[in-house]
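Here it is, the structure, as C-alpha cells.
First chain written, first letter: the chains are A, B, C and D, and each begins at residue 1.
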Amino acid sequence: MDFADSDTDLAFRREVGGWLDGALADVPDQEELTQDEREHWSRVWQDRLCAGNWAGLSWPVAHGGRGMDALAQAVFNEEAAVRGAPYPLNGVGMMLAGPTIIAHGTDAQQARHLPGILRGDEYWCQGFSEPGSGSDLASLTTAATRVDGGWRINGAKIWTSNAHNASRCLLLARTDPAAPKHQGITYFLAPMDGFTVRSLVMINGDTEFNEMFLDDVFVADDDVLGGVGNGWTVALTTLAFERGSMALNLWVWARQAVDRLIDVAVERGVADDSAFVDAVGALQCDAEAVRIGSMRMLGESRAGGVPGPETSALKSLWARVVQNANRLAVQLDEAGGVLVDGAGAAARMRRYLRARAHTIEGGTEEVQKSILAERVLRLPRSR
Amino acid sequence: MRATFTQEQQDIGRTVGALADADRGTARAAWSGGWRAPAGDGPLLRDFGLLGVPESAGGIGSGLIDLLVAVEALGGRLVPSRFPAHAAAVQLLCGDGRRGPLPEEVLDGRRVLTTAVDVPGNSGWADTASVDPLVRTLVPYAAQADGVVALGPAGVWFADPVRITARQSLDPSVPLADLTLAAPERPQPSGAGPLRAALVVAAELCGVAQGAIDLAAEQARTRRQFGRVIGSFQGVAFPLAEAATARKAAWDLTLYAAWAVDTGRPDAGVQVHAAKAAAGQAAVFAAERCIQVHGGMGITMEADPHLFLRRAFVLDARCGRGSWHRRRAGELRIRARRATRG
Amino acid sequence: MDFADSDTDLAFRREVGGWLDGALADVPDQEELTQDEREHWSRVWQDRLCAGNWAGLSWPVAHGGRGMDALAQAVFNEEAAVRGAPYPLNGVGMMLAGPTIIAHGTDAQQARHLPGILRGDEYWCQGFSEPGSGSDLASLTTAATRVDGGWRINGAKIWTSNAHNASRCLLLARTDPAAPKHQGITYFLAPMDGFTVRSLVMINGDTEFNEMFLDDVFVADDDVLGGVGNGWTVALTTLAFERGSMALNLWVWARQAVDRLIDVAVERGVADDSAFVDAVGALQCDAEAVRIGSMRMLGESRAGGVPGPETSALKSLWARVVQNANRLAVQLDEAGGVLVDGAGAAARMRRYLRARAHTIEGGTEEVQKSILAERVLRLPRSR
Amino acid sequence: MRATFTQEQQDIGRTVGALADADRGTARAAWSGGWRAPAGDGPLLRDFGLLGVPESAGGIGSGLIDLLVAVEALGGRLVPSRFPAHAAAVQLLCGDGRRGPLPEEVLDGRRVLTTAVDVPGNSGWADTASVDPLVRTLVPYAAQADGVVALGPAGVWFADPVRITARQSLDPSVPLADLTLAAPERPQPSGAGPLRAALVVAAELCGVAQGAIDLAAEQARTRRQFGRVIGSFQGVAFPLAEAATARKAAWDLTLYAAWAVDTGRPDAGVQVHAAKAAAGQAAVFAAERCIQVHGGMGITMEADPHLFLRRAFVLDARCGRGSWHRRRAGELRIRARRATRG
C-alpha cells in the first residue's frame, strides 16, 4: 500500500497547481463572501475552467475531453478545494450531465449537448428530488404523460442547485404509474422553458437550492435518455458520478473546518485548554480518516474496483467532523457565536448552520448507516 | 416530600401556555419587520410580575419554581416576550434577602427591566471579572426596556447605560445589545441573584427543548418514507428519545436548583450551574435533532426548526455560557468531594 | 413543588438512619469485598432486617408488616444504600414475593408464605426470564402440563439472583400454548425441590445470577397465584414492585460512581485537568438528574399517580452515568486499569465490567428508548 | 497513488488469518491453566520475523504495513501469540536508520523479544519521562520472552531485567509484568522506534475491533426478538454501523501512519498518535457494543464478547495510553496550525 503520488500523478498535480495558482490569484476567499458574491465568482470560475480546457478533464477525447481518469478529476477538485476555489457554476453539467450523456446518450444527444457544456454556455441542473420523496428517491411522483411527439410533465422538484442559472435539467419523471416503483421511471434531458423556479432560503440565509414546479411542461421524445422506463438505471449512473466528484473534496473541507476551529480558539486564548486539545485530537482522527479513506477509495477505483459501501462510512465521518468542529467553533466564539454582525462570527455561524445539512443532503445519516448495516455488516434491511 | 407541581403551578402553566399559544408565530414574525411586542407581553408583565419574588423583595410568597413554570411555557412556543428578561432582572435584584421591596412599577410591569450580566470576552458572568470594564453584552431587549439591572464584581445595581449599541442577533426575535454603563454609585450585594437569574434562562431553554421535541415528534408521526411513518424507524425514534431524556434531566435539575436556591441550601450553586449547562445542551441537541427529523425542509428558513436552534444558542450563551456552567459544576463537585475526604 | 422531607418523613428518616448506623457498625464496605464475603454479609444483613422488624416495612399491618407506604420503603432503601449497606439476601421475598402474594394470593397462600418471609427463613427467587426470551419476556416457553392435582413443568430459566439460596420461586410458565402469548401464562409459587441450579459467572467474575433447569418439576394447584392463565397480569404487579424497590437507590449508586471517579482522579493527580473537570460536570448533571427525577417519581406515586414512562428516562440516564463514570475511572487508573492485582484497581475494574449489564438488565437500553418513543413521544411502535 | 493492498499484503493477511483461525479459542483457553503458546506462535515468529524490518536493520524490503496486516489478522481472532510483542520490540529497535542489522536469532524468531516502554504512573511512553526510574510496566509475555527491549529518555536498549514481577492481567491470555531494569550501558537513539512499536499495538487493536464487530453482527443476524432478527432493528444496527465506521477510520489511520513513518514524512508523529488513539477507542467501543448486542449472555464469562473487551483495554493501555495519544495528536495538530499561521 503506497499513499504517494506516482511521478505521473505528481507531474499532473504540479500542472494543475500551477494553473490554479494563476487562475485564482484574483479570487477572494469564498468563505467570507456573501451569497451573491460567491455566485458571481462561481460563474467567473466556470468560464476560466472552460477557457483553460479543464471542463472535460475526465471525458473521453472523442467527446472533446482530455481523456484522463476519474482520479485526475479528483486530484483537480482536491487541488482546487485546498486553494479555496469557487464551486464552478456548471458543476452539474461537467460532472454529472456530460458523463451521463456520454454513458447513455445517443450520438445526436451527445452532439447536441456536450460541446455546449465544454464551451460553458449550456448550464445544467439536476431534477431528481421531490418534496415528498426524501430519502426514498424512487418514490418520485412527477408524472409524464404521453402526448404527440413527446411527454407532458407535471410535478414538483426540490433541492435543485443552480436551477435559476440552468437552461437544461436532468429530469426524472414517472412514465408508467402502474409499474413497480423502480421500473416506471424515465430520465429526460429537459429544456427548462416551462419550469417555474423558486429559490429556497436555507437556514443560514444562503439560496443554494431551488424548488421547480412543472405545469404541463412538454419534453420531446428526442430528450429521453437511455430509453423509456430505464430512468432508474440511468439515474444510478449519475449518482455514481456525483459520489465520485466528491471523492477528494470532503477531506479538504473537513481539514479546513478543523483549521478554522483552531484559529478561533487561538484568537480566543483557549487553544491550550486541555479539554480543547482533546477535542482537536478527536477531530483530527476523524478528519484524517476521511482523507485517508478517500485515498483508499480512489486507489480501489483506479485498480478497477467499484467504490463500496465504505463510502458511506466516509460520508458519515465527514459530516460528523465538520458538524462538531463548526459547532465548537461558534460555541468558543466571542459571545457564544450569537452576535452575527462581525464578519468572522457571521461566517462561522453561517458554516455551522450550513453543516446541519451535511447529515441530510447526499443521503441522510440514517441512509448511510442503513447501507453500512446492510452491505458491510450484512444485517437484514430495516427500512 | 411533595415533589409534585402544586395546583397553582399547574394553573400558571396552563394560563401562560394559553397566552403563549395565542402568540405562536411571533418569533417568526420578527424576521419581517423586527421585534414587536407579542400580544401576551403586556398581560405577562402586568399580571405575573410577582411570580418568584420573595416576600422580602415585595412578593406575596410565590416561589421561584412558579416563575420558572411560566417561563418554560413561553420558551416552548418561542414567544419573544420581554417577560423572561424582565423577570431575570427582578430575580437578579432580589438575590440578597436583606434588600428591601422592589419598586412597585417594576413589580406591576409598568417599568420593564432587562438584565446585563455578561461581559464581552468572558464566558462566565460579570461577578467573576476581577476588574469591571463596565461593558455588558448579550443584553436582550435593551432598547425595548425602561431600565437595566446590571451585575458586577461589586454587586447589582440599576444601571445607567451610557451607550446602547444594537448588535445583530442570531435570533431576530431577541434583539441583543452591548451596553456601556456608568460606574455604580451604590451597588448592592448580589447574593443569590445571579443564580436566580440564570435559572430563568435555564427554564426558557427547557421550554425551547420541549418545543423542538414536540415539533420533531409531530413530524416523525406524520412524515412517511419507504412506506412507513419515519417515527417507526428506531434510527429516527431513538435519538428523539435521547432528546426527551436530556430535556427531562435539564428540567428536573432546573426545578430542584430553584428549590435549593429558594431554601438557601448550601449546594444551590452547583445545582444552578448543572441546570444551566444541561438546559443549554438539551435545547441545542433537541433543535439539531428537530432539523434532522425534518430532512431537507429542516434546513430551510420556511420551516420552524431553525427558530428553535437560534433561540437555543442565544439562551445558552446568556447569563454565563453553557460550557462555563458545566465546568463550574465540575469544579464545585470535585471541591466538595475533596472536602468530604479531607 | 417541594423537595424537602415533611416533618414526619424527616423523623422516619432519622429513625431509619439511627438504626442503620448501629446495625452497620461492624459491616465492611461491600464494594471492596469478594463475592463470597458479600454473600455472607447479605445473609447477616437479611437476618438483622428481620430481627429489626424492617422486613415488612411497607406491608399492611394485617399481614404482619408495619403498614407504611412505598415511599417509606424507598427512604429505607436509600438510607441503606447511602451507607453502603449489603443487599439483603431475601430482597426478592421482601420486595417482590410478599407484596405480590398480598395483592393476588389466597388467604391460605398468604398464611403459608408471609410469616416465613418476615421471619427470614423462607428465601425466594424470581423465575421470569428465559434463555430465549430476552427483552420479549412474554415469549417465554417453559411449559406447564396439567397432571393430577397440579402441573408438570419443563423448561429453563435464567438471570435468577439467589437461586442457590432460595427455596421458593416466583415462576412463570405457559399453561396454554394455544392462547395468545400474553394469555396462556400462569404464575406459580413453586417449591424449588426439583430445580437444577447452575450459577452463571459474570464477566467481572461474580456469580450473581443463575440458570435453573426444570425437568418434570411438579407444582401443586395450591401454588397457582392469581388463577390459571392470569400469569401475565400478576407478573406485571411483581415488575411494578421491582421498579418501585429501585426507586431511590439508583441515584445513590450514580453518585457513588462519580465520587469514586473523583477519588481516583485525585489520587492520580489529574483532578484539575480541565478535560476531567468538564467530564465531571457532565456526569454531575446526569447523576443529579437521576436523584431529582426519582424524587419526582416518588412524589407522583404518593400523590396517587402511577409512575409513567419517564422512569425509562431515569433508567437510561442512570445506566449512562454509571457506565461512563466507571469507564473513565479505569482509564484514569494506574496502568489504564488493566493490572487487577491491586485491591483498588480490581474493584474499579469489577465495577466497570458490572456496569456493562446496566444497559441490559431490568429492561435493555433499547427497550427503554422504545418505551420513551412510544409513550412519551407517541411515535408508532417500532418493535 | 496506489492506496491499495499489494498482492503480497493480501497473501500475508490470508496466510496469517488461516494460522489465526486455527488458533481461535486459545485466548479463552488461557482462563484455565494460564497462557500457553498457541500453535501458530512458532511459525509466526520463525516465518514472519522479517515483516516490516527495514533493510538497514537486516530486513529484506518489507514495509511496516506488511507487518501490520499480519498483526491485525491475529488481533481479529484474539490469538495470544507473542509475535506482536516481539515484532513491536523489533520495530522499537529499528526506528533509527543508522543502527546496524539486528541479530539473526531475533529476526528468525529463535530469540523472542518483548517490549518495555510504559513507566508506572505515566500515561505516555518512557521517552517522555524526564528522569528514568528504570521500572517498566505492562510488559507483555515477559516471562515467556528471551529478551527485553526497553525504551527510555536516553534511547532504546537490550535491557537486563533486575526483577520481573508478574502482575495480574485483565486478560489472562496476555500475561503482564513489571520490570526493574539495570541502567543501560549504551542506549541507541530510538528515532521512530516508539512510533513503529505503537503502530503494532494499534494494528492489533484494529483487529480486536473487527473481531468484536464480526461477532456482534453474527449475533444480530441470528438472534430473534419480537418475531424478528434483532439486526433488523435500527436501534441495534446503527450503533454497529458506528462501530464499523470507527474501526475503518482507525485502520485507515494506522495504515497511513505506517506509510508516513516508513517514508519519513514530517507528520508521522501526529499520524501515529491519531492512529493509536483511534484504534483503542474503536476497539473498546466495538467490544462494548458486542456485549450489548449479546444481551444477557454478553455479560457472562461463557460468551466471548468480554474477551474482546479485555484485550482492547490491555492494548489501549500499552505503549502510551489511548487518552495520552489523543491529547498528543491534538497538541501537535494545534502546534502545526499555529506554525502555518505564523
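Assume contacts are C-beta pairs under 8 Å (C-beta built on N, C-alpha and C of every residue); 3 or more make two chains touch, one makes a residue touch a chain.
Small disclaimer: the values here were computed from a predicted structure and weren't measured.
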Once you count every C-beta pair in contact for both, which comes out on top, A-D or C-D? A-D
Longest centre-to-centre distance from chain D, chain (CA-based): B
Chain centres from averaged Cα atoms put chain A and chain C apart, in whole Å, by 53
Quick one: chain C and chain D, Cα centre-to-centre, how many Å? 40
Between chain B and chain D, what is the gap in Å from one C-alpha centre to the other? 49
What positions in chain B touch 2 or more of the other chains? 233-238, 323
Can you list the residues of chain A that touch 2 or more other chains? 274, 277-278, 366, 369-370, 382
The residues of chain A that touch chain D in their complex are 1-6, 9, 71, 258-259, 262-263, 265-266, 271, 274, 276-282, 284-286, 288-289, 292-293, 295-296, 298-300, 302-303, 310, 313, 316-317, 366, 368-370, 372-373, 376-382
The residues of chain C that touch chain D in their complex are 129, 131, 134-136, 139, 158-159, 200-203, 205, 327, 330-331, 334-341, 346, 349, 353, 356-357, 359-361, 364-366, 369-370, 382-383
For a test of understanding, state which residues of chain A touch chain C in their complex under the given definition. 273-275, 277-278
Chain C partner contacts - residues on chain B that touch it in the complex: 1-6, 9, 65, 213, 217, 220-221, 228-229, 231-234, 237-238, 240-242, 244-245, 248-250, 252-253, 255-256, 259-260, 263, 270-271, 273-274, 277-278, 323, 325-331, 333-334, 337-338, 341
Which chain D residues qualify as touching chain C in the complex? 118, 120-121, 123, 137-138, 167-171, 176, 223, 225-226, 233-236, 284, 288, 291-292, 295-302, 306, 309, 313-314, 316-318, 321-323
